[in-house]
Amino acid sequence: MDKVFVKDLVEGETVTSFFLAKQVQVRQRRSGESFLTLVLADRTGEVPAVMWEGAEAAGRELAEGDILKVQGLLGTYQGERQLTVTRLRKAAPGEAALEDYLPRSPQDPGLLLARLRTAVEGIQEPFLQRLLQGLFADEAFLGAFTTAPAAKAIHHAVLGGLLEHTASVVGLCELLTGYYPALDRDLLLAAAILHDVGKVRELSWERTFDYTDAGRLLGHITLGTLLIEERIRAIPGFPEGLAERLLHCILSHHGELEWGSPKRPKTLEALVLHYAEDLDGKVNAFSHFVESHPDPQRPGWTQYNRSLDRYLFFGREPQPAPTPEA
Amino acid sequence: MDKVFVKDLVEGETVTSFFLAKQVQVRQRRSGESFLTLVLADRTGEVPAVMWEGAEAAGRELAEGDILKVQGLLGTYQGERQLTVTRLRKAAPGEAALEDYLPRSPQDPGLLLARLRTAVEGIQEPFLQRLLQGLFADEAFLGAFTTAPAAKAIHHAVLGGLLEHTASVVGLCELLTGYYPALDRDLLLAAAILHDVGKVRELSWERTFDYTDAGRLLGHITLGTLLIEERIRAIPGFPEGLAERLLHCILSHHGELEWGSPKRPKTLEALVLHYAEDLDGKVNAFSHFVESHPDPQRPGWTQYNRSLDRYLFFGREPQPAPTPEA
Amino acid sequence: MDKVFVKDLVEGETVTSFFLAKQVQVRQRRSGESFLTLVLADRTGEVPAVMWEGAEAAGRELAEGDILKVQGLLGTYQGERQLTVTRLRKAAPGEAALEDYLPRSPQDPGLLLARLRTAVEGIQEPFLQRLLQGLFADEAFLGAFTTAPAAKAIHHAVLGGLLEHTASVVGLCELLTGYYPALDRDLLLAAAILHDVGKVRELSWERTFDYTDAGRLLGHITLGTLLIEERIRAIPGFPEGLAERLLHCILSHHGELEWGSPKRPKTLEALVLHYAEDLDGKVNAFSHFVESHPDPQRPGWTQYNRSLDRYLFFGREPQPAPTPEA
Amino acid sequence: MDKVFVKDLVEGETVTSFFLAKQVQVRQRRSGESFLTLVLADRTGEVPAVMWEGAEAAGRELAEGDILKVQGLLGTYQGERQLTVTRLRKAAPGEAALEDYLPRSPQDPGLLLARLRTAVEGIQEPFLQRLLQGLFADEAFLGAFTTAPAAKAIHHAVLGGLLEHTASVVGLCELLTGYYPALDRDLLLAAAILHDVGKVRELSWERTFDYTDAGRLLGHITLGTLLIEERIRAIPGFPEGLAERLLHCILSHHGELEWGSPKRPKTLEALVLHYAEDLDGKVNAFSHFVESHPDPQRPGWTQYNRSLDRYLFFGREPQPAPTPEA
Amino acid sequence: MDKVFVKDLVEGETVTSFFLAKQVQVRQRRSGESFLTLVLADRTGEVPAVMWEGAEAAGRELAEGDILKVQGLLGTYQGERQLTVTRLRKAAPGEAALEDYLPRSPQDPGLLLARLRTAVEGIQEPFLQRLLQGLFADEAFLGAFTTAPAAKAIHHAVLGGLLEHTASVVGLCELLTGYYPALDRDLLLAAAILHDVGKVRELSWERTFDYTDAGRLLGHITLGTLLIEERIRAIPGFPEGLAERLLHCILSHHGELEWGSPKRPKTLEALVLHYAEDLDGKVNAFSHFVESHPDPQRPGWTQYNRSLDRYLFFGREPQPAPTPEA
Amino acid sequence: MDKVFVKDLVEGETVTSFFLAKQVQVRQRRSGESFLTLVLADRTGEVPAVMWEGAEAAGRELAEGDILKVQGLLGTYQGERQLTVTRLRKAAPGEAALEDYLPRSPQDPGLLLARLRTAVEGIQEPFLQRLLQGLFADEAFLGAFTTAPAAKAIHHAVLGGLLEHTASVVGLCELLTGYYPALDRDLLLAAAILHDVGKVRELSWERTFDYTDAGRLLGHITLGTLLIEERIRAIPGFPEGLAERLLHCILSHHGELEWGSPKRPKTLEALVLHYAEDLDGKVNAFSHFVESHPDPQRPGWTQYNRSLDRYLFFGREPQPAPTPEA
């Protein structure tokens, strides 16, 4: 059965498709009868829903986060769309594709991964080369690394977001190594590729983006450090000083203690990685925030941006006359 | 007369040359006789000096910051070099070249300026183009802009430092406009060229680097804003919104209120300019600090860096064996 | 047609008058019919309103911020007053007076302005005198200066608030120049008169108080500095040092970098202006907050004051017995 | 014997007078003989001294802070004045007047006290009136209150400084009660008079200004609160609410928790007292700092001011030509 | 009449009992009739209530915080319990027991008090001993001290909470005096017993926990200091140094100025008291927060904890297999 | 040859012994001859030294941190002891014992270690038991763990300081697990034992206490986490949740991000460990600081304590009369 997406639902038509359940609640009318309210969602949006018959039985079976097969009719209530549900059951495992329910990066993961592999191949330092080749040959790691979001919210909070963010930071660092010759190119690129790998253990992305227990208790900086150090230890002869400088870049990439780095950058590469990572995240967050504006084509002010604690101005004024007066 | 530089003074030889006077002091021996101690300096370093005869008369005439014609013999005192002065007078105006006494950027100002002119020519927006062409045709401005330091201390504190820093930030912004297509290239480059022009009024660089009264009372952010706004007002038809977005970049380029910007960045160009400016300053400060280390060739730790409030690690470990064990 | 104010609406009576529209929304009953809800406001308060007939047509035409001519009957819903609207159209330009819809300072603007003119005349320093006379002869400026609010919220957020606040700060500075003879009276009074003039460009006050684009991007401190400096430049021979000290007072009047001043006060006049301005704003905010209390006559605690981050105690206890026991 | 002050010592003349001893040290020449170095001080300045004969015996008897009777000859050493001491003994109690050795406020304490008494008499509220009359009738308290400094350093750090500072704050508050009619005049003036009385127990001023144990452990805010509350408790019928509002002003007069107030101002009087106290201290500190400048008559920059963390600009530029060009 | 508690109400049954009134509101149906909604509460929980008849008359008489005698029938509305009230009047004084309406510490106050008396008896220092014996013989003080909560919210916000918290801190300090022999045992224990006594004047606990005027204006640190100092003054010969060290512990027990202590700990006893008090409060808050979790038996994460600004993890994982593999 | 300690040198006597060299400098007399100045040190103190003959040759061979065999005569210069050196050579490896040159904890390491072993044996949880037994069976680790200092400065900066600090924190945690039954005793004690093990890699203690490269780049929190996690991974079946809770305690034991912990405490055990560790360090620092006071027996104020940013009061007043007046 083809998935019908929330954004494509048509008022007055009946739909049968799979949706993710949110905010499930059994409520009671003054008359005493029960009814079920819930929100149905997929990666294209959300729609409130109500079920008048069989609410109690349905309510006992459902939990938030379930994927449901739903039959219903789209109407409106208080000026908003509402789906009146006539039938409903939990999806069997495999019936529905995760990617229909969580937003995904629009960029092609194959392409992004290829770009990272090219960066790996360009690294001259043999131990860093070997460390990265080992990681990129580990299918379990690669599966997680190419699927994980980069955050629960704020920036790159989409499936594939970690890969997209990593590739973007690596690209920026490649530019910067060309611009500042004092940088140790191999070290900076290796650190850029690895800086957020701990997120494959910090976050979970089944039906919803959330933190794992390890994520909340240890955090991606420590989880990444543990993951990398284990691989370094398995490579005989890996120079200790190189390992320390690489791990220092991972640890310090948030830049300041109060932003969660247990050490502040003390090498040129760590300093540059911090700026590159921070800048790329901010530019991405800015652009996404503007895209979510109702009318992103006309210059103006966004809603209040909580993470930057300010309003943002986007767009350019209409083109001026071609030449100023002489 | 050829200048003899401090770094070239030879123990046991007599020298006659011009030097900048620092720490001038008339002191008294237990025997009651006066003598004069001072420090003689030029852009290559400093040497302590003592004058036994005619100290009182000389002391009355001299002030710190004077350039002196000095005759003396280089010896040592308590293990350090000391010049015993036999004759001394103040230099007449024009006898000595300022550049011998203040450090100068090693980069060629003509080349840097040419790079900026190329950037100006690449700007498509006609009003920004005209604003910048006007500024770069103003010989008085250009003279100051190519001579001024970028700071009293910390980074680019050399003659020509403002030009060097500006060119470096502009180059970085050119890379970034290529990388982030959402950026308004013309606006970002114009802002990068102009972001620190207020420093030509904030700083003075006669004999020593210091702040002017206007610099301490108003600061380069406001001085630059005033300078640019006056020129904008003189261009009929300059679009108001464009002027506001340009001046916003100047005002907010320090990034946070507590770093002296009266507004934080609210446009993508202002945000990127802040990062570019901050990163370029930090990389430059890092590199200069390492160069001032007694042994910058061997990897290790710098002295404590006050402006970053930490020790810095520089250099790479000796090359490892060419390949890790298979 | 005489304006009927919100505070004068009588339950059970029909009214026909102009009101400002807020929170316009077309909603749908379960039965499928549309109805319109909105809030009607003027400077005396707000009342919720509902319109059952012709809602869709009306909704298409209206926008928040419109001034409407409304006919309706005042009833109650869920214990609160509600106007049931029977007819409604947008006001034609000029039909309604702005001052009916925005709160206005209770103080007489003519009197306040006269007080400022007297202060200007009392300034001895000829260049400051001339600068201020020029400004107070500019009708366009005066029109804005006497109408603008002093803030979007918190203190003096009323039409005429900027004038009221300025006059109050000037009066306080007059007291202080008498008390601290070290102060340069002319400089302090000129700075007090000018300190917030940038608000005429930072704020807009058509139908609602808001920031302009220039206000958000540049802020009133910079806008005021630009406005004053342009006038200074037009006065031949204006002493540069005097201009710097005056502009320094404007720039630094918020007192600390993190409160938006790009420089902290470094002269006695700048220091005193900052305290006077801050104190006057706080006393005004305190008094307005107490006046908005349901029972401002009985001593007690206000609601939580968000801008001061505390509860405030107002009033005095009932008079004690006339004399303490001997 | 008339006191000869340090500032009046004449080179080449012998002096016999009393001085305060500082930095007492017995040292040894390479030849093995001992000599005594010390600094002799009074309220007009300091002079280094040396004693060649009888150094060991003298050194055993002396301690820093002793007042000495000294005979010696004023010469110079390394360009600075130095007193060569020939005889020396500790002063007997009563031989020397404390006021010769500690700086004293130039203002007349009798006049200042009279001003405060007038303020007390102007208070209408009978219980506040009685509280203050009681305090100003307590001779022991008055003795301390009129002698104590207002601080160990920074502002009003002179004998009589507490009285001077208090009178100045009271005078300022009198102006403000006239300006802001919402203020409870009696409460504000009583609080202004009492705000720093705890300093009579916080500081000691015998030979040098220092903190007492109680001062360091409890602080003048708590010590003042205890002192006032004990007196309030002794007045039958003192209204509890009035006592709380008065003590609140004392507690909160530093304005913020991090400045040592356990409560922030929550009444209008407490708010105004904090501003008045802070402003008066800052104006006083600014003026004293400028007076200590080598050349306070010519406009310019002070040394770096540690407590304000900035350089200060003082003075006015030379008079401009009498009129601007027409 | 026996109290029926909210947690024991049975659906479908009629109840007659006393409850505390909260959120009293008279509302209007579209039909124009009035009805009364309120929340009824006691120490076991809350239930929403509605009264259809006689709402206006009842509404005029009631205020939030009243204790009511209520007759009604428990039903449900929108899936939640709701009491439909048929009769209602205000309770006469003495009809209802305060303890039924405010939560109470589960610990036996007699036992806790006995524990404190034992601690008092163990104090060797005679003046501290006498100070505490005097306090614990004051029945009015004891009544308040054993009933007061320790806070309005966050930790120990229950009747008897102050006693429970004090006893817990005293017990912890007893352990610490055994562990760190450098501590002055008598001083630390006396300070631990007394550290929060000011809360008997800072808080009120009639029907609801709130701050008194004195609590908001002066705070428990100052109120406690005043209370203790008055008693010290009444004991002839109480050593001044001891009094200062004791009061210092009270003043500084919040540890930092920004947490409301006017002095930071400067003695070992003050330092240890601060840690003991802070740790005990945090452990108590943590445990209470976990207990309020819906399922405190299964390990997991709490709701977001506002006072600690984080999520908390509680519980232990299920027991592992008894032994690791050899 | 028996070591002669600095504190035992006798004026006028000749000594031959080993000392640590500090501040080595070759200087020149006005006459042109060279001489050598240095400071000789061991764990009991320091003495300045001078060598008149053979200075240049000696100076070429020596470096700071060398251990020297020295022959010389103790005299005085400018009132201080000075050793005039007649012969001097570098010590051969093994000639001198490290412990003579660095301060060592006065506590018996065998006893401390035994106490920790007892704590390990008391742990019931089999995997934690096994983890700790493994660590305490590792001789290389034990050697470092029992010798390392706990810090470069401030607290426990002595050989054996890490062991002493760990044992003290463990003892305190044992008390606390008895007092707060909600604590997971096994987890808390294991975390207490392990919390600072990373210091064996963070610090170096050869001749002087310093940070290693790894210490500065990664820090003891990360180094300890890596060390523990490697051992956990080597124990098959170690429960993942237990590992996460243990490592969380290590990571968060500094309590706040700005104090270097990448996560703040989120479990009860992590919270308590942080307080115990912080309190024990503070009590230790306080006591050591008092012991370094010239007269620690008489109550009074210490020098300014930089790490606590305050003066500390120590000692108790002289015993009062045995009983207060009745």
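For the reader, a short list of remarks on this structure follows.
Note that the chains are named A, B, C, D, E and F in the order they appear, and that numbering of residues resets to 1 at the start of each chain.
By definition in this document, a residue touches a chain if its C-beta (ideal position, glycine included) is under 8 Å from a C-beta of that chain, and two chains touch if they have at least 3 such contacts.
These numbers were taken from a predicted model, which means no experiment stands behind them.
Look at the contact of chain A with chain F and you find the same residues on each copy: over half of the numbers used there are shared. Superposing the C-alpha atoms of chain E onto those of chain F requires a rotation of 180 degrees, given to the nearest 5. Averaged C-alpha coordinates put the centre of chain D at 43 Å from the centre of chain F. Work out the mean CA point of chain A and of chain D, and you get 62 Å between them. Among all residues of chain D, those that touch two or more other chains are 213, 216-217, 241, 245, 266-267, 311, 313. With chains as nodes and touching pairs as edges, the resulting graph is of another kind, matching none of line, ring, star or complete. Pairs of chains meeting the touch criterion: A-B, A-C, A-E, A-F, B-C, B-D, B-F, C-D, C-E, D-E, D-F, E-F. Chain C makes touch with chain D in their complex at residues 125-127, 130, 171-172, 175-176, 179-180, 182, 184, 187, 235-239, 241-242, 245, 248, 264, 266-268, 271-272, 275, 278-279, 282-283, 286-287, 299, 310-314, 316-317, 320-325.
Of all the residues in chain B, the ones that touch chain F in their complex are 76-79, 301, 311, 313. Note for the complex: chain B touches chain C at residues 213-214, 216-219, 221-222, 225-226, 229-230, 233, 240-241, 244-245, 247-248, 251, 257-263, 266-267. By the touch rule above, chain A contacts chain E in their complex via residues 25-30, 34, 213, 216-217.
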